[in-house]
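By written order: A, B and C. Residues from 1 in each chain.
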Amino acid sequence: MAEIFLLSLRQLLGRWRLIVILLLAALPSLLVLLIRAIGEGEMAFHGEFVGVVIDAMITGGIMPIVTMTLATAAFGNELEDKTLYFLVLKPVSRVSIVLAKLLAVLVVALPLVIASGVVASALVNAEAQQMGILAIALAAGVTAYASVFTLAGLLTPRALAYGLVYVLVWEGLLSTIVSGIGYLSVRGYTLALLHGMDESSFAVFEGRVIEFPAAIVGTVVVIAAFFLLALYRLRTMDVP
Amino acid sequence: MNSPNVPVIAVKGISKWFGSVVAVNDVSLSIDPGITGLLGPNGAGKTTLLKMIEGLASPSDGTVTIFGQTPRNNPALHRRIGVMSEHEAVYGFQTGRQFVEWSAKLHGVAATAEATALAIERVGLADAQNRPLGTYSRGMRQRMRLAATIVHEPEAIILDEPLNGTDPRQRIEFHDLMRQLADEGRTILISSHILEEVETLADRILLMVSGKLAASGDYRAIRAKLDEQPYSVRIVTSDSRKIAAALVELDSIESVSIGAEDDVIVLSKNVAVLQRSLPRIAKDRGIRLERVEPLDESLESVFSYIVES
Amino acid sequence: MSQAQAEIYDLGYQHYDGPRGGRMQAVKSLWVNSFRTTIGLGRGARAKILPVLMSLFVIAPPAVFLVIAAVSPVAAQVSHADFYTATSILLLLFSAIIAPELLIPDRRNGVTTLYLVRPLTAFDYVIARWSAFLTVALLVTLFGQVLVLIANSLAAEQAREFLQENWLDIPRFILAGVIITVFVTTIPMAVAAFTDRRAYAAAFVIAAFVITTPMSGLLTTEWCERSMTFAVESGEIVEELGPEECRRITGDYAKWFVLLDVGQAPTHLGDMLFDDDTPDDASILVAELPPAVPIVWYGLLVVGPGALLLWRYRSMSI
């Protein structure tokens, strides 16, 4: 399994792709620094910062886009290049293959997305506990997106396109109109986890998020179910 | 290893369809140690058949076993099998040696470095082994893929069009390597659409046409058998009974029957005689011929295509 | 030395004796092919899902307005400018996903060369691809605007009167449509010239636009405060609230930071075309800038990527 993991890591870490992703992840911190330099008034870890930087920028943009790009590529590139048979014709269990791919995605995405949020928070003097909570919620969100879009990469070559439609239209536009979408949205889970763990710091999400226990169950179910579906898909699909 | 009466690869009544297209149609075969060539024109279903044997695709019907086990979702079995697919894609960033070594590790080879060196030596690419695969020529890439296929000393080796992109000299070297591997007691299945590639190499040939297994055995023997094979021809005329009666009198005709749509089905041993006599008979008796068509997939033409190309 | 004998036989293949089209003919064929590719014609059902879905997204909101206007006697008017603001993100998503389809597969399959050995130059090739996508995007957008126009005239008390008064909106929304579609066509195509995977091109464009919106939003936030004064009146402390004072978080720079929301660059020009009764925050800030600024900014965002796209194809070794 280590061999597949290392190979997958190498596939995900194209030089240009990594530079672009790093830049994207650095944007929240750069923004905070810019406001510090020329802004009037201090930014703090509440209100505008939570609503704009944590919610709109990170959970609504950086987290899904970075994770989806990597996760759909995990199997998507193997299918597009027709190299998947190299993996499935080795005496390695299907579970190991899916796990190796998912881990490779997480090893790249988790540090980037968590650092993106935590560093920006540190710059506005967030408390250690607030940063810890943020890291936990982002880790949950990244893992859920990774699980969903690893499967998507196995299902269709247009997985990232459908993913972008899902994030922008379903989680972005429709969730502001139809309230129940929070139950079927990874971004909704992430915000509800933040709010559930620290209601005062994340008070701006009040009334917009689903119940804390529902978010925990939702996250766990999504991660497990999509992992199993990916496994099932790999077992039943005809490999090109 | 294997009990002598169980074939290494056993395919029973296997079919594969995609929607309404039948790619492989009720194929049964068994393959023993030695070199077997799977021949057929492009689109005959060779690759689909090989994929089902390798376990990459599920048969729509029928069963496959290798060493008595089903290959689908059976990772442990792949320790004993080496597969080289039709796709020439590789991970371009790996060097040749990294690629072969990676395969060896995943196949659970104990002495990885030695096995890798030996496999690369066997395909004669030791000089280029430290260059990235992305910089290889087509022939070199094919040989390095072959090295990765045999690095774990598999007992059964399945190669789909392995000679694409190789030059005549590499072909000779390939033949020598295959012979060596076969002499070591391995079972080798090589597909090709060019007879010349495998005629001197394969102990036995399987001929596939339009998804069906059309013939098997030594290719010269297949050629000889073809002449004895009766052909069935369908004839539509203005008077089926009259032409049937006339045709029965010809020597080379085995049987004549009237079909459901009032057409005549003729089974003939000598198609040339039928070709010459039919118009004459029709003209003499004032029968109008509306349609004359062969019912068999034209094995004859397929075979000559393969032999001559 | 004896002359070696050789002869070339006519194998009897049929020759093409018909007329041969020139460069314009080639551009036209490529244009037609690009147009069909964009909407998924001549390809499998799966290739049609996204174009159909995306067109529906763009057309659905005005279609809903139209239905409301048709059945309800008192329906609200929807401005043409608001339609562009609302659909620009969907239009962008449409372009980011589908426009790379016109350039990347050709390069991946190595057939760009086959086009360029025809009487086509790299310039012709890019222009044909670009203009075909532009046409599709423009048709979808203008269709939406026509629906808005019909909805508005139905919602008005006198449809004929409404049209007589507002007919100028038609050239306005056509011009605004050209402005926005040129923008959403050029940028994804330029990005597509630099990557060999369609998915990455789409993700890059979407990320750039989705992230800059909240960034610009934060940099132009208004912070409001009320000063509080304390006075002692007859022994009691009385709090007195001063008037609310609002200022932008980045002060005078705020109006420049509106431009950071690159996805709205064409809508700023749209705002200049339409008289907007209820301008949003960003429009107010942009209005503070000299009018040349948003125009130049838009120009840079179109000409820059456009030049990169052409340069890339001219200098590509194929």
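We take it that a contact is a pair of C-beta atoms (placed from the backbone, for glycine too) under 8 Å apart; a residue touches a chain by one contact, two chains touch by 3 or more.
Predicted model, so just to flag it, every value in this text is computed and none were measured.
J.: Which chain's centre, taken as the mean of its Cα atoms, is farthest from the centre of chain C?
T.: That would be chain B.
J.: Can you identify the chain nearest the overall CA centroid, using each chain's own CA centroid?
T.: Answer by centroid distance: A.
J.: Consider the two chain pairs A-C and A-B; indicate the one with the greater count of contacting C-beta pairs.
T.: A-C
J.: Centroid of chain B to centroid of chain C, CA atoms only: how many Å?
T.: Chain centroid spacing, chain B to chain C, equals 52 Å.
J.: What is the distance, in whole Å, between the centres of chain A and chain B, each centre taken as the mean of its C-alpha atoms?
T.: Taking the mean C-alpha position of each chain, the two centres sit 47 Å apart.
J.: Between chain A and chain C, what distance separates the C-alpha centroids? Give it in angstrom.
T.: Inter-chain centre distance comes to 27 Å.
J.: Spell out the part of chain C that touches chain A in their complex, as residue ranges.
T.: Those in contact with chain A are residues 46, 50, 53-54, 57, 89-90, 93, 96-97, 197-200, 202-204, 206-207, 210-211, 213-215, 217-219, 221, 223, 247-251, 253.
J.: Can you check the complex and tell me which residues of chain A touch chain B?
T.: Listed in rising order, the residues are 3-4, 7, 10-11, 81-83, 85-86, 88-94, 235-236, 238-240.
J.: Along chain A, where are the residues that touch chain C in the complex?
T.: Residues 17, 20, 24, 27, 31, 34-35, 38-41, 48, 52-53, 56-57, 60-62, 65, 68-69, 72-73, 76-77, 80, 156, 158-162, 164-165, 168-169, 173.
J.: Which of the residues in chain B come into contact with chain A in the complex?
T.: The contact residues of chain B facing chain A are 51, 54-58, 73, 75-79, 81, 83, 85, 87, 89-91, 93, 102-103, 105-108.
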